[in-house]
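Order of writing sets the labels: A, B, C, D, E and F. Residues in every chain begin at 1.
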Amino acid sequence: MRRSIVPGSFDPMTNGHIDIIERASRLFDAVTVAVARNIGKNPLFSAEERVAMLQEECAHLPNVGVDSFDGLLVDYVTHIGATTIVRGLRVVSDFEYELQMAHTNRHLSPEVETVFVMTTTEYSFLSSSIVKEIALLGGSVEGLVPDSVRQRLERQVRK
Amino acid sequence: MRRSIVPGSFDPMTNGHIDIIERASRLFDAVTVAVARNIGKNPLFSAEERVAMLQEECAHLPNVGVDSFDGLLVDYVTHIGATTIVRGLRVVSDFEYELQMAHTNRHLSPEVETVFVMTTTEYSFLSSSIVKEIALLGGSVEGLVPDSVRQRLERQVRK
Amino acid sequence: MRRSIVPGSFDPMTNGHIDIIERASRLFDAVTVAVARNIGKNPLFSAEERVAMLQEECAHLPNVGVDSFDGLLVDYVTHIGATTIVRGLRVVSDFEYELQMAHTNRHLSPEVETVFVMTTTEYSFLSSSIVKEIALLGGSVEGLVPDSVRQRLERQVRK
Amino acid sequence: MRRSIVPGSFDPMTNGHIDIIERASRLFDAVTVAVARNIGKNPLFSAEERVAMLQEECAHLPNVGVDSFDGLLVDYVTHIGATTIVRGLRVVSDFEYELQMAHTNRHLSPEVETVFVMTTTEYSFLSSSIVKEIALLGGSVEGLVPDSVRQRLERQVRK
Amino acid sequence: MRRSIVPGSFDPMTNGHIDIIERASRLFDAVTVAVARNIGKNPLFSAEERVAMLQEECAHLPNVGVDSFDGLLVDYVTHIGATTIVRGLRVVSDFEYELQMAHTNRHLSPEVETVFVMTTTEYSFLSSSIVKEIALLGGSVEGLVPDSVRQRLERQVRK
Amino acid sequence: MRRSIVPGSFDPMTNGHIDIIERASRLFDAVTVAVARNIGKNPLFSAEERVAMLQEECAHLPNVGVDSFDGLLVDYVTHIGATTIVRGLRVVSDFEYELQMAHTNRHLSPEVETVFVMTTTEYSFLSSSIVKEIALLGGSVEGLVPDSVRQRLERQVRK
């Protein structure tokens, strides 16, 4: 059985993330969405909330589970017996950063492979930070994140 | 009458900004230079100062006005009855970021169009942060910003 | 009255071209779609056919006309009294090439401005050569070009 | 069983291709290396020779087969019951072109997924055309292609 | 005698830095590795420690010296009688940022030339921040930095 | 004595080439401008004419000579006892292609170093092909190439 990891901050998850997770779930036998607990910049949502949102939105995908991790990604990947990291490649994206991380991970753990999957062009501009910025400025994030995430986001921002 | 917006932080304005504003003033009937009041990282100049500098340097352009705004750019654009956002494209620039913002704005307000205009190659490396960095390290910003801006900048940095 | 030019080879026109032409028609008082007659590599369609396809598909845009030209683009622009060149910027596009052409044209004719408008993300991968390649390999170009163009293309390819 | 396709011109195959094929063979149950028969520019090696070289060099990979195809890649993918296209991403590569092809293929066949795998940094500059250029100028391609390919290449170039 | 400067934060130095310094030492009669004392974000190592690490690792290069500087780089370059700045160009790197800095420096001091040298592909993904990130997450930086640097880094991180 | 090579097709040379050659002549003791004799696409000027134009325009640079070569660049570099290849980096340029060639040359001859020097921003869009295209379409190349080259070009194009 081939298990792959879709890692990220997911602060918060977006429709672009769902798109990538669904593609990963068709490519591999099992998929673990892995929430990075410690993300430098203080996160808008706690790791628990980020996991909860993903669980809710991945409920329809029988071969997908959600987890969180500390420390090095490649250590976590090996720890749970996975062999592949799946990353989304947005048409407008930090391509160079993605390659740098992937090569770093290959240096640290040559047996872990990173594969890139393209998001749909519709979400090519979408990122968690854009979503947060829009919400903080009072704009609507409808169509960019799942409805339940939108509600949490609106509550969080009002605080 | 077609009104366009040239938005930005302008912290401080540079000769590259003037170049873009002049080009916009030839392309559209009316141009509003719109200073973003809240720019995350603490600004070197207050929104009022940034507006004042622009007013001084745009005085020779009869169809250009200066204003400031809070909240979402596209809301402001619609609010003042404009339909176009003008952004400068430097030869060396954060092209991907510009496209991301433009697609985000199109998602939020499909009737607002973003058009990109190229700065002159002479200013292709110029940005507000470069100008601030040079001034903070004691270098001369002559030729990079208008003279009045240079004087304010030198005073500000000495503080 | 501000007249702008949307230049290109249009061999053949695609839905991405229509998208850019419609955006240009909202930005400027008058728009001339200008077909380059001499395009190095031997074209699939004659200049006359390319003009005809564009005329058919731009019929619904009252301020848009179609023409063809020889020689330097900037000479043609000046000749018909236009002042602006409009180019589409695809998310996935030859950005560097576009900037090079725009700077060259600015060098040749400083009073002619090039403005860039973004195609919709849906057509971000679309180009005339991709369309031709698909058609030549027997694939369907439905949804990539207008229906009338698709029919001409299928006829042309069968030859 | 998940079958993936590694398509290409392979004119000739390089060590970078082997690297990608080996990675694909670890990611998927079965892999078909698919040689595009008709490649516009007149090829240095016939499709048969290109297939033969790949067969020789993939002999040690039990789940890898070599085939050739005409027409649209996605039609071939569907025809042989595969669902995934694997493409190598070189650090120095035509990233934009790869994304354009992948989005085009997704448009033509939404159920076929393209995944990108990174070549090792050692081969980051390597391509079939570089190899041909070196050989034609009388340089040594040792270390860039398998030995058997190098010998064929030297023979071919001497003609 | 031609003296060149290899400037940087070196927080900490990596094997990629050594690679560039060695290349510079073959290109120029004399090389000064220049540590920027004030680097905005609070550094992991003091300027003195960063200088000490470089001195240790450059001991085998007879025409290389290590120094530190405050203020504008171009002022320092002129002050010590150098005429050239050497920067490493990683295959995966912030190319645009490098060009922006080089053009800024040329504007400030037209007689100082910046030359770019490529790191070996092996270190194409390597940067000081990646190294720090790995160390902070408890990973091994062996093969990425010299051994003495690795030991200091492990001590520093444990604090 | 350090000798460097500035290689190219120079079909024809442009003001951007002169800019790079002058920078190289300040960086190295001796500079050989090396004209590639066999350039695939049929050249506009013969190798002899390309050499002659360069000789004329480099006459004011006492440490610069002009030569032509066949075969692999790195073989030629070694043959004449040089150790460095100098390439211009235009702000708008085929950066990826330059890196690919430089890494290929490093693979073929590890002791030959490629250094990149930036053209002035003024010529950032300039290339031999742009110059030829303008001339062939009847435009003026004044300010893009030296006067003597312009005259030859006009004569050549009239043929």
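By our rule, contacts are C-beta pairs under 8 Å (C-beta built on N, C-alpha and C of every residue); 3 or more make two chains touch, one makes a residue touch a chain.
For clarity, every value in this text was computed on a predicted model and none was experimentally measured.
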* Structure fact -> Note: chains that touch chain B and chain D both are A, C, E, F
* Asked: Can you list every chain in contact with both chain A and chain E?
  -> B, D
* State the chain with the largest centre-to-centre distance from chain D, centres being mean CA positions. => B
* Shared interface numbering between chain F and chain B [over half = same, under half = different] -> same
* Structure fact -> Distance in whole angstrom between the CA centres of chain A and chain D is 30
* CA centre of chain A versus CA centre of chain C: separation in Å? -> 38
* Where does chain C touch two or more other chains at once, residue-wise? -> 91-92, 99, 103, 121, 124-125
* To do: Report the complete set of touching chain pairs.
  => A-B, A-C, A-D, A-E, B-C, B-E, B-F, C-D, C-F, D-E, D-F, E-F
* Structure fact -> Residue set of chain E touching chain D in the complex reads 91-92, 121-122, 124-125
* Structure fact -> Residue positions on chain F within touch of chain E in the complex are 2, 23, 26-27, 83-84, 89, 91, 95, 99, 102-103, 106, 113-118, 120-121
* Asked: Of all residues in chain C, which touch chain F in the complex?
  -> 71-72, 74-75, 96, 99-100, 103-104, 107-108
* To do: Quick one: which bits of chain C touch chain D in the complex? Just the residue numbers, please.
  => 92-94, 124-125, 127, 130, 134, 137-140, 143-144
